[in-house]
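When the chains are written out, they are named A, B, C, D, E and F in that same order, and each has its own residue count from 1.
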Amino acid sequence: MILDFLATFGAQLQKPTLAFLIGGMVLAALGSRFEIPDAIYRFVVALLLLRIGLGAGIEIREADLAELIVPAILAMVLGAGIVLLGRFTLGKLPGVRVEDGVATAGLFGAVSASTLAAGMVMLDAESVAFEGWVPALYPFMDIPALITAIVLAQLHRKRKEGTEGRVALWPIIVDSLRGAALSALLLGLALGLLARPESVYESFYDPLFRGLLSILMLVMGMEAYSRLAELRRVAHVYAAYAVAAPLVHGLLGFGAGYVAHVLTGFSPGGAVLLAVMAASSSDISGPPTLRAAIPTANPSAYVGSSTGIGTPVALLSIPLWLALAETVFPA
Amino acid sequence: MTTPATKISIVAERFLLPQIERVLEAERVSGYSIFPGGGKGAHGIHPVDGASLVREFSIVKLEAVILDRPAAERIAEALARESFQRHSGIVWLESVEVVRAEKF
Amino acid sequence: MILDFLATFGAQLQKPTLAFLIGGMVLAALGSRFEIPDAIYRFVVALLLLRIGLGAGIEIREADLAELIVPAILAMVLGAGIVLLGRFTLGKLPGVRVEDGVATAGLFGAVSASTLAAGMVMLDAESVAFEGWVPALYPFMDIPALITAIVLAQLHRKRKEGTEGRVALWPIIVDSLRGAALSALLLGLALGLLARPESVYESFYDPLFRGLLSILMLVMGMEAYSRLAELRRVAHVYAAYAVAAPLVHGLLGFGAGYVAHVLTGFSPGGAVLLAVMAASSSDISGPPTLRAAIPTANPSAYVGSSTGIGTPVALLSIPLWLALAETVFPA
Amino acid sequence: MTTPATKISIVAERFLLPQIERVLEAERVSGYSIFPGGGKGAHGIHPVDGASLVREFSIVKLEAVILDRPAAERIAEALARESFQRHSGIVWLESVEVVRAEKF
Amino acid sequence: MILDFLATFGAQLQKPTLAFLIGGMVLAALGSRFEIPDAIYRFVVALLLLRIGLGAGIEIREADLAELIVPAILAMVLGAGIVLLGRFTLGKLPGVRVEDGVATAGLFGAVSASTLAAGMVMLDAESVAFEGWVPALYPFMDIPALITAIVLAQLHRKRKEGTEGRVALWPIIVDSLRGAALSALLLGLALGLLARPESVYESFYDPLFRGLLSILMLVMGMEAYSRLAELRRVAHVYAAYAVAAPLVHGLLGFGAGYVAHVLTGFSPGGAVLLAVMAASSSDISGPPTLRAAIPTANPSAYVGSSTGIGTPVALLSIPLWLALAETVFPA
Amino acid sequence: MTTPATKISIVAERFLLPQIERVLEAERVSGYSIFPGGGKGAHGIHPVDGASLVREFSIVKLEAVILDRPAAERIAEALARESFQRHSGIVWLESVEVVRAEKF
């Protein structure tokens, strides 16, 4: 069975998504001067998020909203729970400052749009179905994770400085929602839900999805390699955490998906996507939020862990959740 | 025909802009310009126009020309104290001469 | 019938084009940090204009050029006439400086490429046919409008300053044609007419048309919202003019199209596009031309009127001309 | 080894560039550099690299290093008089030192 | 037969590729302010090179590698040989400095990715088949040409300065391979060879190929026109060389293709592509390599010759090799 | 509160950056910023943000603020001698005042 898995895994690495990721890493490692212009990268991210939102919004129109409740609550619990888990795990490890640990746990609790998109494309390639609204769970996991991290950091500071006072949650939520990434996703969702964007979705956003993702994977690969160098300057435990966390979190996400399957008939594909989101760590929208909110944390530690290791591991573990789903959910 | 003035230049990551703008507004600065770029410093390399994964971490330079020299110094000190204590970025002042002093 | 119209109008708002426009406005109103990179925006505009030109050029090859003459003359009359009408209407309103009124009328007489593209996509979505060369009427309406405005402004200045001398038209025309927008349109036209670009037109420019337009609509919506703020600083009559003018001009354009229909059998879809062009006001290429040529006019007034109100109203009124065509032209 | 010179900096909307270039050429300036950017001033905000609907209204900074100080002043005054009377934009002068003076 | 050829040639000029090139030149000549943003241009080049690499890589998987050896050796001989030929031809011409002549010959020996892409699209349009791996010959011709030029320049300098010492080849090769253009091509090749990118190749890279090439042709046309002005400042012999060289080199390339046809059954389409590569001169990746390695050469001379004349002539001569193939290789 | 320093500005084509960076590193410069742009000079026009066929030939400005004035002069002279003998580009020095001198 392990041989079987390795063969499947090898085949998955050849799939465009992962192959472009690895290609980007190799380019960077070889010192290539190849670059994707920043304007293109930002547009690719915007299109992917609009596409994810539009797709989910169109599906939600026909969905039974009651179905959504259980997975949404599970996503919120996962987001916040992963951060709490990470904060106490990292807190026990040597050489980790509390703020750095909290910020790192925050990013690993939050969600990566690129990893989610990769998961969707890989499910499609395997023809594994999922409820079209599952990608809309993204903010339900992402925002609670970031909030939990920020609150933990503020509690820590208050304890250290001996000050009192409540932590204001609402501004953090609003600020998250106004960020470029969540705005694009929510705009897509709203348009999918309230308008009839099917024609443009089918003729533009959806056909370009896979190709644009390959570009994004190139960028993520190049960036991951260059972050690795930075990570070398901080304690090694970050690297260890960054390798293990996506796997543990993915399992937790998969477990939550299984629970939802038993409770509400959540699809196997949905469980895989929940695992992918839980395993993923935020590289694009989480870092600036945490950097502004936890200025005392060292970005080399948390951005390095997430972008340098967390994201590649999360991407490479997608085939794992697919294989798990095949084993756990009988066809 | 020219009036002496002070130019304050700030190089920082983009996510600090709102904070910097608040400091400038507190001193009633009438205008400023922003230029996108990249650079190298204690925190490694920021690409010039290749993809920077987090846009908010890309480098910008802000320049404000100010007639009131003490205000420029107050701004520089406020920034050094508040924003650049914890975040990377540099600030410098230069003596310049402006025409149309009434614009500032 | 009004209820009927409202229902149709509601349905039209859900069409991708208008929905993305409104989405852009809402994003800006909510303070989102979402942005389309400038390089992308400029490329989208270039592709749309190349596409419009190519399509029209390919059609003109097969068209009977005599058919074109009447609509082209009507377009020129509309362009210049709308500016004269606007100059005297605005001239009578309180708080409007002559230069500002002239520049505003100039933009409303000129044509918006994005509104024209939206009109084409909405006609296609409704399967309303039009002569393929109609979009080529754009410069016939646009240039006379801008020239009329510049000449009116120069006459006003000469009268005020008591100087004499003729106004040079040719440099204004050449400068308009050299602008990025008209250049792209005319390049497309020339290639469509003289070369055989069908393969690339059908495999690239045409399929991307609708999707790219949705991106452009997002940008137009965000920009409209931010221009509204600026408009608040100038006299209210600009807002009133900017709401009413697209409707009046659209009716004039529709009327002209009807005349052409009677005279030369111009298609109902062509009449709708003529109405759309007349209703539209220039946001991309007109403003810099007028700003350079009428430096004493206040751009907050005319750019604010056109981009902040004129364009959204013109876009939202496209369903009106469609409905009108259904009523006026029996199937 | 260094020669004193004057740097003239001009921040303006892009559509003024041809006009500015004419003034520079009239004074036989040997070269200048242009940097795209954004800013805030009396006429509101110009985005830094988000879409600006009209490209010609986006902000650029032009810098010219000139050996001849009086020429720099003449340029500044000509611009203040001709272009920046009616249009937004600011101009300032700075004292600099150049190497390879023969390049200028 | 000449009339026949002229008619065919006229028809070829109407094909999108050449028509967009000429369109770009005309725009620039008329002083248009139309521009393709730099970020877009660079992305277009990257996508085209990835597409060329992916396509070739996918084909090489199934190819008999032995087939590749003869054309690859011929490509290397052509690359180096054209530079030697050019160096001595230009060396005999009046007013040509040795360094300038060597750099010019270097660019004409090297390969232009845009010309190669145009050749591929034009072969496809004519349904002329070629071995899918032929575009992978690009680096086999490009790198030897650049190396030959650099070595010739260094030998010349050593002779002049009377110094001794060997020329280090390896750093030049590594630096070439790390350049953005060859990196993209080789990344595509590696992915095509080692991964299974067929899905994304067929849904994204291949369908966009022709359209993106039309954009690139616009840019090349505008750039060619503006380089012509620069070329006027250097000796006229450069212009003469730049007109003649693509034709001579194309013939040499075609001849080499014919030899390969006889020896190994190389396809007629492959011979055309070999002619196209030989006729082409490098505009994107060659110039910076030569500029850094031969700092004493005057870029106005060699960049002007290559981009201003060499590339347009090479592009316009593609129909020639097509016509030649039809004559030489009986159907 | 401010410390005098020297800003060295270099305008050059992008392919010279590695060479320039080597000179800066040899003088242990702690950081520098880079801004993309365009310009006009003896070698014609470089577009500001339109496509430049060869990216390595586009114009950038590099700015480094340095506390050590003689080092700044050594850098300027090294560049003038090594890079800008054969390639286009200009270098100038300006006197500035920095806050947080320990950053440099």
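Everything that follows uses one rule, which is that a contact is a pair of C-beta atoms (placed from the backbone, for glycine too) under 8 Å apart; a residue touches a chain by one contact, two chains touch by 3 or more.
Predicted model only: the values in this text are computed from it and were never measured.
Novice: Which neighbours do subunit C and subunit D have in common?
Specialist: none
Novice: Along the shortest chain of touching chains, how many steps lie between subunit B and subunit F?
Specialist: 1
Novice: So which has more C-beta pairs touching, A-B or C-E?
Specialist: Greater number of contacting C-beta pairs: C-E.
Novice: Distance from the CA centroid of subunit A to that of subunit E, rounded to the nearest Å?
Specialist: 43
Novice: Measuring from the mean C-alpha position of subunit A to the mean C-alpha position of subunit B, what distance in angstrom results?
Specialist: Spacing between the chain centres: roughly 34 Å.
Novice: Taking each chain's centre as the mean of its CA atoms, how far is subunit D from subunit F in angstrom?
Specialist: The mean C-alpha positions of subunit D and subunit F differ by 19 Å.
Novice: Give the residues of subunit A touching no fewer than two other chains, as numbers and ranges.
Specialist: 35-40, 42, 180, 208 - these are the residues of subunit A that touch more than one other chain.
Novice: Which residues belonging to subunit B are in contact with no fewer than two other chains?
Specialist: 35-36, 49, 94-95
Novice: Got a list of which chains touch which?
Specialist: A-B, A-C, A-E, B-D, B-F, C-D, C-E, D-F, E-F
Novice: Subunit B touches which residues of subunit F in the complex?
Specialist: 1-2, 5, 7, 21, 30-36, 60, 63, 65, 94-100, 103-104
Novice: Would you pull the subunit F residues touching subunit D in the complex into a rising list?
Specialist: It is residues 9, 11, 35-42, 48-49, 59, 61, 73, 76-77, 79-80, 84, 90-95 of subunit F that touch subunit D.
Novice: Please output the residues of subunit E touching subunit C within their complex, sorted ascending.
Specialist: By the definition above, subunit E touches subunit C via 11, 13-16, 19-20, 23, 26-27, 30-40, 125, 207-208, 210-212, 214, 218.
Novice: Spell out the residues on subunit C that touch subunit D in their complex, using ranges where they run on.
Specialist: It comes out as residues 35-38, 40-42, 180, 219-220, 222-223, 229-230, 283-284, 287-288, 291-292, 295-296, 299-300, 303, 307.
Novice: Where on subunit D does subunit C make contact in their complex?
Specialist: So the residues of subunit D touching subunit C come out as 15, 43-44, 47, 49-58, 86-87.
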